[in-house]
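You will see two complexes here that share chain A, one where it goes with chain B and one where it goes with chain C.
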Partner chain A sequence: MSIDMEQFHQVFFEESLEGLDVMESSLMELQEGKVDAEVVNSIFRAAHSIKGGSATFGFAAVAEFTHVLETLLDEVRQETRQITAEIIDLLLQSVDCLRDQMSALEQGESADSAQSHELKQSFQKILDADDSDAGSVKPDQGVDSNSESSPGWSIFFKPEIEIVQSGNEPLRMFRELALLGKLETTVHMDALPSFAALEPENCYLYWDLKLFGIDISEAQIKEVFEWVEDEAEIRIESLDAESTAADEAIDSAEGMGASQLSEVAQEEGNNASVTEISKTNSFAKRESASIRVGIDKVDELINTVGELVITQSMLSAVGEDFQMDQLARLQHGLNQLAQNTRELQESVMRIRMLPISFSFNRYPRMIRDLGKQLDKKVELVMVGEQTELDKTVLEKIGDPLTHLVRNSMDHGIESPEERIAAGKSETGIITLKASHQGGNIVIEIIDDGKGLDREKILEKAIEKGLQQRGDHLTDEQIYQLILKAGFSTAEQVSDVSGRGVGMDVVRRNIQELGGSINIDSQQGQGSTITIRLPLTLAILDGQLARVSDQIFVFPLVSIIESLELQGIEVRKAAGGCDLIKLREEYIPVVYLSEVFGISSQPTSLENSLLVVVESNNEKIGVVIDDLLSQQQIVIKSLEENYQKVEGISGATILGDGRVALIADIGELIKLSGATHLNKMEAGSTTFPADPQAA
Partner chain B sequence: MNSVESVENEANGLLQQGEHGVDQYLTFVMEDDEYGVDILCVQEIRGWEDTTPIPNAPGFVKGVINLRGTIVPIIDIRQCFNMQETTYGSLTVVIVLRANHEAGSRTIGIVVDAVSDVHSFSESDLHSPPSLGNSVNTSYIKGLAQAGQNMVILLDIDRALNFDELQGFMDVQPEADAAPSNS
Partner chain C sequence: MSVVLAVDDSASMRQMVSFTLKTAGFEVIEAVDGVDALAKAKGKQVDLVVSDVNMPNMDGIQLISELRSLPQYKFTPMLMLTTESGGDKKTAGKAAGATGWIVKPFNPDQLVKTVKKVLG
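Right, the complex of A and B next:
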């Protein structure tokens, strides 16, 4: 029987990467000179399971490397070795190295061993350097004084006759011994009685055992026989160096393990035809990622589906022989169905939700490394790591967040000297905060550094031609400038930041996710960067709005209010822009029919409705003909079969099967500006850039 | 995915050629002319239904429809080919096609007057389209073939249904009419 091991590879890689994450975050918790047993244990466990897994799957390079790691960790665990900054560094480097190896293996390449080799040597150096003093304290690996470089042991083992009845099985002990080294057994059967006198539950045999192996200690052998010490005659003697078959048989404990592995490999080799085929298959890139879901979420899903089935059978019973007097029951059933559907939808969505700590957890490491590189002292505080958000959003937010945290480190936090000079504590604090606000997740990156230099930014913007001199800008507008491409105030370009690419990418990524970014800063006090993101990308609470005979969907979260235009004065501002005054605030007004080029006989403004929407802290009023219902809509891609449409973020299918387009508020605001501009240029009221008109 | 699919398509094509030495084309009629598309690209043929218009889309894009949960744009290739617009009725036919482009494949519906026939042409039956100068873009014509008395214009779907190219193609014309647009 052959098992195709390839099918488990993906699981192994995922688990190993998870294990590495655990190792990394635990390593970050380790303090120099202080050993928290629980933390060390969790690192050890992670390393151990990676070693086990990689050995099972025949990734010898990884297994070997992790073995060295494990040896060191074991010493730390036994408290025979002090944990030093050097060791933590090395361990962190090996986590990176293992990660590289894993991804190489995943691509079907061989694990690059140059780096691991280097690290392995560093580990070996540490292990060797103070092996003499550390070794004497080691309890189980301890090298007994009389056993050094003994080629093996000769063991005489004569159990008492009732040994098997006490639950002790010699065979099992021998197996255990075989794990230590090469075992030769000679059985003595002279104590066997005649067949008639033989008691099947008695043990009449005794053995002479020869165990070959260089670094097997007497203690290890004694441990095997620990339970039978009183029930057997045991003599353990060291084999002489010139003892017989010591030549090729000398094999370390790991060597034995390896040779067993190669046997497995050979076995697999016999089924080469099968393996080969599966190999070619697995070369096709794996695209579907998997997701780990808590069992409670799955149970909830099953419950909901159960209820759905009940509702369905109830409805079909009603439908089978429908009478008008059953109408109430039918309606009741439909209500229940609606509720079930909603619950089902929510549970399914929840499966895709992951805590943001998946993303946050990489930053302690990054801050530590960067802190060293930049010579800054920084403490990272994380708040609300358990806040859940959609997996897709989570994956896409990783890079922007990294950029922002790096920026805070590089530009925000000052050097310790500067901080002390400014009367702050030497150690800077960067806070990562996540929370839910309505249908959004809000992520804040707060640093207590020097803050943004308003004047410097403005100066730079003018220099780069992004801004005209003399323009009056609010603080917020100035801060938004740093999100523009090619903008950097860093005096010199370091490999941490300063090329002015990062922030542009950040802004674009966040906008792609339908989110917004906001910067607030107090010079000398620090800055706060706030990112708002939709919780999920697939489903949206929408408000249906009618313009002429077309229906558009507005995301409910972006709607502030809607009002009748009747009795509200619409003023003309310079440049043909319409404004309304809404509670001490002037809000520009756009006509959706105009922006979207819908030809409709202008309904009098009196009958129109105004929806005030907000995106990126900008408000506009959108004039529509009518508001229809609110409903949850499933977002469908328009780009899949068509292309990006300005002002539209996607499409959805309404209850009657028709397609409705979803308005992209952010773009609508931009478009409205363009509309006014066009109007000014054309000096007429034609629709902007309509190819049909041309 | 793209490459896998295109390989599949190629494989299908080869299979087809290997077995019959010919490709099959679905032909349709527009303004008395017969056009053909590779039958392997055809997903389904359906009647005209009302579409949801797309704001500020070029005129030949009639809008999008819901095709069993996917949003599919409908284009009128009459307008691409500078033919007269007609009103759509119950007899108007939409052919849903799968076209490949750089980023994958797209499902697109085209409006035609009527579906006519399925013809088999071998590679040698195809005549390359005559060069018509700059006035007519012939890049999306795969070739011309003779079916009985009629000439069939075979379209290269992947090119003909490329929005960027269509857009460019449409943009050329107003310019010829000396109406500069800044979009």
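Right, the complex of A and C next:
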């Protein structure tokens, strides 16, 4: 039978990486001094599974490495070895090393690395320090030494009376022996009790067997009886008495070793050809090719599809012979269809959702390593790790989050001495918090460090030319300055963070995901960085708005309010910018028709509507002609289908087939400044003349 | 058709065992740990149990001992999947009532051969 083992590789890689995550977080727990049998067990199990799988699937380098790991962990588990900080360190390094090995294997490369050899040696040294017989992964090389021929074997087999109760049938063993050669059996019945005393579940018989055949080794016979050697009296003698002595040297375990060895070799052969194939495949494709989905989500999906089918059949029954008096039923059916569609959409989206713990889980380790590096004591608290978000968003948020956590460690949390001097506990706390708020996921990174220094930031911003002296800024606006390119207040540029490019990139990454970032800080008390992200990138709740004959979509999350312009005074400010005063706040006004160069009969301002939108804590009022409906918008890329247009993040197709463009609020805010400054230069935008043509 | 209960917390190993045995014509029920396996074995009589040893919640050895204590599994063959370093596991497994073991790493052919041998 030929089974393609490659089909199990991807699952193996995925579960191994998960196992490594478990191993890492459990090691972190040990680090904190919580030596708990279950924690040690879970580390052992992870190493053990990886070893078993890698050996089975032919990844010898990984198997060899994890074997040493496992041996050591087994000793810890058996409490014959004390776990030390050194061992934990080595184990954590091994987790990294194994991760590298897994990704190398995934890409069809060799998992043999210098690091794994080094670590293996370190472990071996620890093991050898106590006992000299620490094992190696290869089974002892047994030699199948049946070179000498024997005419056959005489076997005495007397099982314990309870043998069949372990599922071992003497008959099965005899059948196997009969496959090796000609078998003669003599049964002894003298142990049989009287019928009254006979327990039918027991075996009272024993046998003398003769097995004839010149090619049969003692090891083969021992293999047949391998499972029962401790539950039976077994004597195997060569029928040719002279060769007995030579054959006795072969231990059954060695025999197994030999057969295993040949199979390992065979596996490796298989693997070589497998590697060849996977190299030709694109790895990138494979990576995103699979997603693990909880069965409940799939069930829900199936359930919803079931509902949809019912609605469909109901509607087709109505449509078959439609009479006007059935209109109510038709409408009812259509409503149901709308609901089913919405549910179906939600179920499908939920399949792409993963808990944020996938991203959070890397931080305990990072905090530990950084804490060592920076000589700071920090405790990490995680809240809401089970909050789910879209897989793509999750993958893309990893790096910005890492940067922010590093920043909190580096710039936020003070050294233990400083903390004590400030009357705080010497251990700082960084809290990672995730929660759902409406259609968004909100991630907060909270530290109880020294907080942002308002004056220092302002000073720096002025020095870097990011800000004019004398401008009046709110705290919030000042904190936002650190998100600008080229800003870094760390007195020394450290390895950990801060070359003044980071925060800018963080902000950009988050904006690209359609999210926003906000900073709140109390000097001496700590900082809170709040990231708001859409749950998914594929769909948004949108507000449709009309400007002349064009329809635009505003993401509902960025709309603060909509109002009639009638009675509101629009003031001209310096630089050609229009402002309105809204509840003691001046908001720049943007005319969408101007920004996108839509030639329209100018609607008088009094009849226009103003939509106040916000992005990154900056507000603008957008002037439009009319507000239409609110609906869910499936985002289509404009770049892929046409080209990038400033101020537009994408497009969608409406129910009537028309194309509507989705406003990019962040860019509109930027653009508003630009357009207003060049107000006199007409037609400076790149808006496509006819979006339908796109 | 004989029914095999394949128990392993590792999805890749479980899939490998399950796929191999199904290809060989057996009906296979999968379980992710001892607790899951025990519930499934109680729900449907199986003809053979192939179980990993190291598993969370309930390990293979305890599973075998629990199953063996049930009248309907008194004589059912039960195999452990164990590594070559698992000498004391073999002993513990045997004491719990295991029929025998398959040594990891094994290949599909070995697995089928052993299973056919046990099921006769």
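Here is the rule we go by: the second predicted complex is superposed on the first by the 513 of 694 C-alpha atoms of A that agree within 3 Å, B and C clash if a C-alpha of one lies under 4 Å from a C-alpha of the other, contacts with A are read in each partner's own complex, and residues count from 1 in each chain.
One rule holds in what follows: a residue touches a chain if its C-beta (ideal position, glycine included) is under 8 Å from a C-beta of that chain, and two chains touch if they have at least 3 such contacts.
Everything quoted here is computed from the prediction, not taken from an experiment.
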item	value
Partner chain in contact with A:V595 - chain B first, chain C second, else both or neither	first
More chain A residues in contact [chain B versus chain C]	C
Touched partner set for A:K372, first chain B, second chain C, both or neither	neither
First (chain B), second (chain C), both or neither touched by A:F44	second
Chain B versus chain C as contact partner of A:R175, first or second or both or neither	second
First, second, both or neither for A:R235, with chain B first and chain C second	neither
Which of chain B and chain C A:A63 touches, first, second, both or neither	second
Chain A positions touched by chain B in one structure and by chain C in the second	none
Complex interface listing, chain B residues touching chain A	1, 4, 50-59, 61, 63-66, 69-73, 106-108, 163-164, 170-171, 174, 179, 181-183
Interface residues, chain A side, partner chain C - complex	1, 3, 5, 7-9, 11-12, 14-15, 42, 44-45, 48-49, 51-53, 55-57, 63, 67, 70-71, 74, 135, 139, 164-169, 171-172, 175-176, 201, 226-227, 230-231, 256-257, 260, 263-264, 266-267
Chain C to chain A touching residues, read off their complex	9-13, 15-16, 19-20, 23-24, 52, 54-56, 68, 74-78, 81, 83-85, 91, 94, 97-101, 103-110, 112, 117-118, 120
Chain B-facing residues of chain A, complex	284, 287, 550, 595-598, 636-638, 640-643, 645-648, 651, 653, 657-661, 687-692, 694
